[in-house]
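Going by the order they are written in, the chains are A, B, C and D; count residues from 1 in each one.
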Amino acid sequence: MEAPKLKKTTGGKLQQFLAIGSLVVLVIFFSIASPNFMQWSNIIGILLSTAVIGILALGATFVIITGGIDLSVGTVMTLSSVMTGIIIVNANLPLIFGIIGGILTGALCGMLCGFAITKLGIPPFVATLAMMMIAKGLALVISDAAPIYFTDHEMFSKIALGTIIPGIDIPNAVLIFFILGIIAAVILSKTILGRFNFAIGSNEEATKLSGISVDRWKIAIYGLAGVFTGIAGVLMASRLNSAQPALGQGYELEAIAAVVIGGTSLSGGKGTIIGTIIGALIMSVLTNGLRVLSIPQEWQTVVVGVVIIFAVYMDILRRRKK
Amino acid sequence: MEAPKLKKTTGGKLQQFLAIGSLVVLVIFFSIASPNFMQWSNIIGILLSTAVIGILALGATFVIITGGIDLSVGTVMTLSSVMTGIIIVNANLPLIFGIIGGILTGALCGMLCGFAITKLGIPPFVATLAMMMIAKGLALVISDAAPIYFTDHEMFSKIALGTIIPGIDIPNAVLIFFILGIIAAVILSKTILGRFNFAIGSNEEATKLSGISVDRWKIAIYGLAGVFTGIAGVLMASRLNSAQPALGQGYELEAIAAVVIGGTSLSGGKGTIIGTIIGALIMSVLTNGLRVLSIPQEWQTVVVGVVIIFAVYMDILRRRKK
Amino acid sequence: SEEESDSSGSADSQGSTDAPAESSDKPYVAIVSKGFQHQFWQAVKEGAEQAAEEFDVDITFEGPESESQVDKQIEMLQAALDKKPDAIGFAALDSQASVGLLETAKSQDIPIIAFDSGVDSDIPLATASTDNEAAAALAADKMAELIGEEGKVALVVHDQTSITGISRRDGFVNQIEERYPNIEIVDIQYGGGDHLKSTDLAKAIMQAHPDLKGIFGSNEGSAIGVINAVQEMNKVGEITLVGFDSGKQQIDAIKNEVMAGAVTQNPMGIGYETVKAAVAAINGETVEKQIDTGFYWYDKENIESEEIQSAIYE
Amino acid sequence: MTKLLEMRGISKAFPGVQALSNVSIDLNKGEVLALIGENGAGKSTLMKILTGIYKADQGEISLNGEKVEIPDTKRAAELGISMIHQELNLMKDLTIAENIFIGREPKGLMNLFIKDHELNQMTRDLFNQLSLDLDPKTKIEQLTIAKQQMVEIAKALSYESKILIMDEPTTALTEPEIDVLFEIIENLKKSGVGIIYISHRMDELKRISDRIAIMRDGEYVDTLKTSETDIKQVIHLMVGREVYVESKPNIQRDDREVVLEMKNVSTNTNVKGVSFALRKGEILGFAGLMGAGRTEVANAIFGIDKIKSGEIYLHGKKVKISNPTQAVQKGIGFLTEDRKHLGLLLDMDVKTNVTLASVQNFQRAGFVQEDKIAKTAEHFVEKLKIKTPSIHQQIRFLSGGNQQKVVISKWLLRDCDILIFDEPTRGIDVGAKGEIYRLLEDLASQGKSIIMISSELPEILRMSHRIAVMSEGRMTGILNALDASQEKIMELATAYRE
């Protein structure tokens, strides 16, 4: 009885291998269509532009696998970067405090969502929508609706844009994204948290009745997603060398889109980190490629829409064949 | 299955009655807090601002009850209003053609989503996300990224802002919203489509096994939601006396929020139209009330977030007591 | 207006914007702007608050989140009317769409002062605005001068459909097309004023056109995106950047010669003049129909001048 | 005479599994054909082919001698074939009436509007015929599994089909409902309906079937006339080996320590002043009719339902258990009766399900020890003879009985002192039942205490040291196994029924 088994075991890998297919096709297409696409600087540009959304999407993957959703990632990211700014610039504390503060802000917001969802019984959509608004408002309130500039803290911009590997021109943000990707993949597939994450998404009631404290794990999962959001916020601030309090809304949809295009099911219980990374890359390759081709912007959105349908459909066809 | 699921027993009707409670509390609070709130013109203003989002939410209710989601309503609404503008202003055809054209545009987009979801097997989130982008791009393309003004078609603005009941100053848009609400409620509770809508959302597999062509009904349901979206587009154009091609993005979240706050479950099978209407009213009363109280704008979003959590929690507590 | 804490009990941190009309005998001016989160609008607000203090009136200031939200702005205007203000300051996202409410205001004898790009109607008693198109044309002239009147340039614009976006784009493009036949506009992209998106977008433009000589960023977010892009692509100095508006990063970039210069309006002046005109209208004084708050080119040379310093904000 | 139905040479392979190979059965008018076989033998698959849910790879189907194609369920219904599925297939948010007549609603005005009044009346009429006492307007989610099963049965009957398939219809039912069902079957036979009846309850076969078709491992074995065979022979053909039949010695455990005691416990659900004590090493059977509240007692112990009044003692100490996590930590395990919704992660694989309740024991520093998990899962697959291609198979693709074995494994692995088994042999074949009985007895002799809720009286009588009988939420008596009998149990079980 290989086949159904194939789906979960070897086939799992095969399938993602094929999902990479869509990505490869896009890359090849754009390389042929424009000589300016396949250049080191552009590749790095694409990766850099994937980093922030990609990291948000990593966190969102955990939440979505529980069968939940997190609409707050965009503005919580903003709140985290503002918090980092306040700690580093306004309070003039060392960078590391700012970084930790930003990440903790994300984690705290995540855990609050988790709390509202589990202990108050608010549906994830509503709880995180509310958090989205709260974080948006708070970011403006605590920053006095003005950007916070890190210009006097030169090291800060190095977090995202410095290069740590000598000789190779890969910005840290890209490295951080891939390292976080690996960490996320390990957490999801090798740890208890990952195991319970899938279990909850697959059948929350049955998981509860197996004696697992679903509430606590869910709060942990939303908190973990918040950590990723916080890191994204710090990177965002570093890359812009400023904390911009009015940014971020709308990023949640892009992050969720990356997750879903990567094959993770919104009804929970199924998903992979590598899929999310590929999903995020598909989105940014597409955006970048169309820009490099100087397609008028209104057509860009149309093309992105069509290609998404197409890519996901290809993926579905392949899986069906199995 | 009995124990954990026993939450829901009687009181379906009672519960909606109580959901109105949150709304009433808000209205009373704002009336006391500001003498400017409880004025005819402000009430009408609130209702008017509920109309468009409310109509989108009516359509979204059907989709959400199937267990799906429609992210495209915002930009499809825009595409519909642009289409109306093109027909009436650019092609100089009679109003009625423009109105029908706008509504058909919505219906067509909805059915395309339904087709992608059922026949191609694309998850609703992805299919409607793609449609969101496609509609957004197309609205800009066909309008040449400029608003289309109905200034030479004086009757057009009467669709939303005229008053059909002599003596009573209620704009048509508000009446249309409530009439559509009644129609939606009747469709949902009294017709075959409504019945199958709940059946699909409740257990799609079992519905299929009962010999019902789920695919066809789903396409019909997305198409119906599209009709509501199209009507919202026409009303929006009429109210602004212009078709604004860049509007709309973000409305999908507001519409879904109204539905979910109204007690419809995103996992499908459960929901009411009256709940959606109340949900939409809660949102717009809140927004308006805070404005009338002159709360600083950044705090407004925070308060809205907190109140949403609170209102939904109250609702949950009440249900639990049952 | 800071001294009074209002009945709703929410507000001290935000200074003067929260003064509710009903709790005070002071005249009340409701300002409905095109935005509120962005630096430009915050600067307008600051100017308005200055004037409010000076003339002892209460104001509120609000605006939608993006310049495409025509309908949200109308709802704000409606709510403002319901608060029975003594005057309204209004920057229309779409004049046509707001005609009805403006007429209501007129019928209630509430004076309207238009600001920013103004309101296309004769109801407002005065308009405190700058000419966006002319300002962008100035940016085009400077760009042309800096790149020797020939070569390829691109635009990163903040909005495809809003008046400010369109008029700055068209002002720039028309000027180039009319005056500088050897300059080619190779790409126009829209980044929504989002710093990060504008950065990625400007990088893609540079990628697509390796021989690009200049980029114009049409507002603060777009300009910063362009600045980030040349820095990340290590092309500082190779590409001439011209910006719009101000803000610390843009000012720094100009001082450091990353950006050649920028055109700024006088947002604080706009806010100030709006409230001032409103107060005059409330007091029954005649007000000047057109209050030109001006725009300025600033670069490394003149940035410290008093005139520029009063127009730019950090 | 032409057969009502003939299935000839049916084969069906799922990727990697040959679920059916060359199976042929036939059915006469007015006959009950029992279809039996071990878990995973292919019974449900064969029937799903007959109702158009699956497409056979090979073979043909004839009705009244005419060859037919059945591409979907709609066609099956048109041909007069309907089926009661093994797994409940109801729309839980809809009412009973809406479920039964879905797709066949009485319509008014332009064929768009549903006449709900008429719909409910139709349902009431149907229920009257079947002497069922349910309100058509009740939502399915408010019904117990047993009642849902009755709705499924009513739904299938409402099609007035010529061929009716019943895939384990009695797993959730107690005697009175079974009596009702069998009466219905007799009536259907009289009106010429052909019935295919799948069950693992061997005692039922003699009562209602005319012939018995036996399958093993996807293959057809034989068809016997019920009147000319004895069950032992049938079982032998079906299992292909001897099954565990040895009956336990009914030793009393009155001298043992009391591990769990309920004193006058009431809940908001359906438990009214229940008291009993469970001793170490004891199997305490819980008997009662459907809705008696046995599951609710278990829910109360396990912290699912809030206790309104009364106390629970564990090892003599008063405890408050407010959620399942605490219950498990205190050494209580609960195998729920609704395995699909409350027992299993259907989309996850066998090994994950088996180890779900004990993951903590398979981790080091938060990392899951996959190899250890795999080894353990392999062990249980072997021990309980779980028919699965591998431990990596998704539970969804296992046959019903094998799914049940996975849930049992989960709790065996957890090593609880007190185990509550709610209908543990639901849908399990005779062979495997024997294995499970042996397991339960082993557990008891190791000193574990077991509450076994079962609706099969013979099972209760055979397994229990003592038998607690409930009626309408009350405990009506606790019998010693030695002097218990079906009659005494039924008497207590109906104590509060009019």
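Remarks
The rule is short, and it goes like this: a residue touches a chain if its C-beta (ideal position, glycine included) is under 8 Å from a C-beta of that chain, and two chains touch if they have at least 3 such contacts.
Which protein is which chain? UniProt says A, B = Ribose ABC transporter permease; D = D-ribose transporter ATP-binding protein.
Bear in mind the structure is a predicted one, so any value in this text is a computation, not a measurement.
Counting C-beta pairs in contact across A-C and across A-D gives the higher total for A-D. If each chain is reduced to the centroid of its CA atoms, chain A and chain C end up 33 Å from each other.
Mean C-alpha positions place chain A and chain D at a centre distance of 44 Å.
Centre-to-centre separation of chain A and chain B, using mean CA positions: 29 Å. For the pair chain C and chain D, the distance between mean C-alpha positions equals 70 Å. The set of chain C residues touching two or more other chains comprises 14, 36, 160. In chain D, the residues touching two or more other chains are 304, 341-342. Listed for chain A are residues 140-141, 145, 205, 208-209, 249, 297-298, each touching two or more other chains. Chain pairs that touch, as defined above: A-B, A-C, A-D, B-C, B-D. Of all the residues in chain B, the ones that touch chain C in their complex are 33-37, 39, 41-42, 45, 48-49, 52, 140, 145-147, 149, 151, 157, 161, 236, 239-242, 244-247, 249, 287-288, 291-299, 303.
Within the complex formed with chain A, the residues of chain D that make contact are 14-17, 302, 304, 323-325, 327-329, 333-334, 336, 341-349, 352, 356-357, 359-360, 363, 366-368, 370, 388-390, 392-394, 397, 410, 414. Put simply, chain C touches chain B in their complex at residues 6-8, 10-11, 14, 17-22, 36, 60-63, 68-71, 74-76, 78-84, 94, 96-97, 99-100, 159-162, 166. Every residue of chain B that touches chain A in the complex is listed here, in rising order: 4, 69, 71, 116, 120-123, 125-127, 129-134, 136-138, 140-141, 145, 249-250, 253, 256-257, 260-261, 265-267, 298-306, 308-309, 312-313, 316, 320. Across the complex, chain A meets chain D through its residues 1-9, 190-196, 198-199, 202-203, 205-213, 269-270, 322.
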